[in-house]
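As structure tokens, here come the structures.
Next come two complexes built around subunit A: one with subunit B, the other with subunit C.
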Partner chain A sequence: MMELICPAGTPAALHAAVKAGAHAVYCGFADETNARNFPGLNFSRDELSASIAFAHASGAKVLVAINTFPRAGAESLWHQAVADAETAGADAVILADIGLLAHAAEHHPDLRRHLSVQAAAANPDMINFYATAFGVRRVVLPRVLTIAEIAAINREIDVETEVFVFGGLCVMAEGRCSLSSYITGRSPNMNGVCSPPSHVDYATEDGELAAKLGGYTIHRNAKDAPAPYPTLCKGCFSSADKTGYVFEDPTSLDATELLPALAKAGVTALKIEGRQRSRSYVAQVVRSFRAAVDAVEAGRPVPPGTLARLTEGQSATAGAYRKTWR
Partner chain B sequence: MPLEPMSIALSRLVRRMIRAHPGLLERLGEHGNRRFAIDPTDLPLCLLIQPRAARGTVRVYRHPPASDARIAGPLAALLGLVHGTWDGDALFFSRDLVVEGDTSAALALRNAIDDAELDLGLEISAFAGPFARMLQPIIRFAERRTGLPLRRMEDPE
Partner chain C sequence: MELTVGPNQFFWDAAQWQDFYARVADEAPVDRVVLGELICSKRLPFYQTHIPEAAERLVAAGKRVAITTLALVTLKRERNLTAELVDMGLEVEVNDLSALAHLPQGAGFSVGPLVNVYNEGTLRWLVKRGAARICLPPELPLASIETLAAASAAPVEVWGWGRLPLAISGRCYHARLHDRAKDNCQFVCAEDPDGRAVDTLDGQEFLAVNGVQTLSGSCANLSPQLPGFRRAGVAGLRLSPQSQGFVQVCGLFRDLIDGRIDAEALSATARPLAPGASYCDGFPTGKAGVAWSGAV
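And now, the complex of A and B:
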């Protein structure tokens, strides 16, 4: 059976994910070592230990994301995070930085290592290098590949692959995108925050919702039109004679109906995005996807998804899996 | 209902919640000192909550007062958010929720409340004395008005 990997930004969300049928939950520490470093979110060391004990008692695994890139001179924060994840009993750490991978392989050889999507490993050569050099056992594939490309990669590698099936969609090369830092000086790669809320302002102007990032208005939404996240990649810009979503429409990934094809492509694990979301979101999405995964395993048709109202832009796409982007 | 007794009753309720859920203030961190205006747009009231002031204070106003962060929406959306029925981002996407002012503080408050797993019905029934008698009708009114059951049944394991 394909493994369902579910997000948790808080212990309450982790409990909700496990109760809803998650095979594994991923989470991070409340600092810049993880790529969802938002106010009020994430786990203390004690919370992580207690949450792992709860998950293990329920038969679920916990993967700890330490997937930002350490600052020169401050590596000890990231090294400590890996050590503390192992002490807490984590089933694996999800790493992106090549130096941190080397550190973990050398100092924590028994701690299973997964390659974060932030490493942007999108071809067999890269993946095989990470596997050979650092003993990586699983790679989270970037959201830029078709199913045929994923199948081709799986034929040339010996490590497990994990793919995103639901949630917010990064359209850039993950781990390499600097759009947020152009305006705010902070990025998901280095600080764990894309469009940090400290730089976001909302205002109602002439009946429209104006979202400002670092003082720049990046989109306006008419009354009652769905609102997107305040990220530059989903911003509305004028280019030549056109005004609109230049990079990507505000929409979310939903690959529910593609699960049988992903299983056939040799995918080991399915990842749900959303550590910044509530326990209500986690429970609903995990329950829906667990039913879908069980259906695939039993050879039954995948039940239709009913999660559109939870998604950004309140609309969904199969993303790069079908390569229908403009 | 007069505003002053309501302010006192709600302050006591919030203090009790903060005592019972110490993680609330821990997750709020520095944002616990902010003034949060909680503005149910379908009621002629607005709450100003200061989590760290005097161990938690609430004042009720007829109109939104000056604040660091304002979170506005229909009563059903606000109560559903606190109770864990609805997802905050989904309410934002659908424009049922409006956030103005200090976005970081608003986000920290939402995440802290979500992790606390507040059961509003239970919190109020644990609240003894004359103020409980004042708050019970408010909850019954809120349940009627929003259609939300504000006492959670235990999830099946």
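And now, the complex of A and C:
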């Protein structure tokens, strides 16, 4: 059966995900070592230990994301995070940085290493490189590949693959994007944040609500229409004679219908984005996907999607999995 | 302080491409030139056969030459291309780590700005693997640059001039702006030899697209940061090709490094040559990358 990997930004969300049928939960420490470094989110050392004990007692695994790129001169913070994840009993750590992978392979050889999507390993040569050099056992694939390409990759590698199936959708190769720091000074790679709320502000101008990031207008909507969060790459911009969503619509990923094809492509694990989401959201999405995964396993059709209202802007895309997205 | 001409990020026709590198060879006071295709493998057949000749002319003019990998390798054809680069007899600039799968142990290479070198551990690992030169990612603050340059056994280079490479995608935004898919792009990126500006709905200069790449809207001009780079022990500045006035930009940076002009004079003289309406140099100062220290 394909493994369902579910997000937890808090111990409560972790409990909810496990109870809703998650095979594994991923989470991070409450600092800049993980790529969802939002205020009020993530785990203390004690919370992680307790949560892992709970998950293990329920038959679920816990994967710890330490997937930002360590700051020069401050690597010890990241090294400590890897050591603490092992001490807490984590089933694996999810890493992106070469230096950190080398450190973990040398100092924590028995701790399973997964390659974060932030490493953007998009072809078999790169994946085999990470497997050979650092003993990576699973790679989370970047969201730039079609299902046919994923199948081809799986034929040429010996490690497991994990793919995103639901939630926020990066349109750029992850871990290789500085759009957020260009506009706000804070980036996913360095700070674990993208389009951070600290730089968002809304202004009513000429009867419209402008959503701005770092002083740049990302959206303009009629004052009483729902205003999407101003995520930089999902804004409405103009270029010469064109005005529109130049990079991507305010949409999110839903690959529910593609689960049978992903299984056939040899994918080991399915990942749900959303560590910043509430526990009720997590519970609902996990329950729905667990039913879908069980159906695929039993050879039954995937139950019709019930998640539409949970997607960003209530619209969903299959993203790069379909070639026409490009 | 050396000057490196980075790989051309844009799509120019073969004649323009040849002319550009002939002029760089004959007239640009630079030390290194990185040739090759960084952004889109579909562009390469249009000028690929001219690369050896350009390399020869550059070497004859006393410049060191490297050849870049693609920034994002996904297709089988692109993997083969990457493997073939190793056999060209030029130093390979790695901008996608999958090239390491093809580089024999012990073979020297350089590391481009699109490889994530954020800390000493990564830098040391790459140097041990054979990296002979490392151009750091443009988003690094000066504190990181200082730490890395101090820790590096190999020369460290930083971004000096040109629209900043901010992101790379599987999706072609040029094709999307023309309501086409990437596979049927009809090479529309050639219409914008310095990228296509993307502004906000309020008319603020914002970003620029170049095929699957997203660049800064404003032109990075790091000349005001030169004293800090020097103190940090940075060995080189990278100047990124543009369709007009590039040789003049190279000359201005040479004058700056040799102390004949200051950053203010460089910035004033180069202003009409800069792609985009404004300058930026925010990244090394730890501010938003778009910030400009010369703003009044």
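Keep in mind that, in the parts below, the second predicted complex is superposed on the first by the 314 of 326 C-alpha atoms of A that agree within 3 Å, B and C clash if a C-alpha of one lies under 4 Å from a C-alpha of the other, contacts with A are read in each partner's own complex, and residues count from 1 in each chain.
Convention: contacts are C-beta pairs under 8 Å (C-beta built on N, C-alpha and C of every residue); 3 or more make two chains touch, one makes a residue touch a chain.
Computed from a predicted model, the values in this text were never measured in an experiment.
A.B. asks: Check subunit A with both subunit B and subunit C modelled on it and let me know: fit or clash.
C.D. replies: In the superposition, subunit B and subunit C stay clear of each other.
A.B. asks: Does the superposition put A:181 against subunit B (first), subunit C (second), both, or neither?
C.D. replies: second
A.B. asks: Return first, second, both or neither, reflecting whether A:288 touches subunit B, subunit C, both chains, or no partner chain.
C.D. replies: A:288 sits against neither subunit B nor subunit C.
A.B. asks: Just checking: does A:268 make contact with subunit B only, subunit C only, both, or neither of them? Give me first, second, both or neither.
C.D. replies: In the superposition, A:268 contacts neither subunit B nor subunit C.
A.B. asks: A:197 in the overlay: touching subunit B, subunit C, both, or neither? Say first, second, both or neither.
C.D. replies: Only subunit B; A:197 stays clear of subunit C.
A.B. asks: Consider the C-alpha centres of subunit B and subunit C from the C-alpha centre of subunit A, and write down the angle between them to the nearest 10 degrees.
C.D. replies: For this superposition the angle at subunit A equals 120 degrees.
A.B. asks: Is A:34 contacted by the first partner subunit B, the second partner subunit C, both or neither?
C.D. replies: After superposition on chain A, A:34 lies in contact with neither partner.
A.B. asks: Counting residues of subunit A in contact, which comes out ahead: subunit B or subunit C?
C.D. replies: C
A.B. asks: If you take every C-alpha pair with one atom in subunit B and one in subunit C, what is the shortest distance in Å after superposing?
C.D. replies: Minimum over all C-alpha pairs of subunit B and subunit C: 18 Å.
A.B. asks: Once the two structures are superposed, pull the subunit A residues common to the subunit B and subunit C interfaces.
C.D. replies: In subunit A, nothing is touched by subunit B and also by subunit C.
A.B. asks: What does subunit C use to touch subunit A in their complex?
C.D. replies: Result: residues 71-76, 78-79, 82, 96-98, 100-102, 114, 116, 118-126, 137-140, 143-144, 147-148, 151, 164, 166-173, 175-177, 181-183, 196-204, 206-207, 209, 214, 216, 282-283, 286-291 of subunit C touch subunit A.
A.B. asks: Which residues of subunit B touch subunit A in the complex?
C.D. replies: For subunit B paired with subunit A, touching residues are 27-29, 31, 81, 84-90, 92-95, 98-100, 103-112, 114-117, 155, 157.
A.B. asks: Contact residues on subunit A for subunit B in the complex?
C.D. replies: So the residues of subunit A touching subunit B come out as 9-13, 19, 38-41, 196-198, 200-204, 209, 221, 223-228, 276-281, 284, 309-314.
A.B. asks: Residues of subunit A touching subunit C in their complex?
C.D. replies: 69-75, 96-100, 102-103, 120-126, 128-129, 143-145, 149, 152, 171-173, 175-179, 181-185, 187, 189-190, 210, 214, 216-218, 220, 233, 235-240, 242-243, 246-248, 320, 323-326
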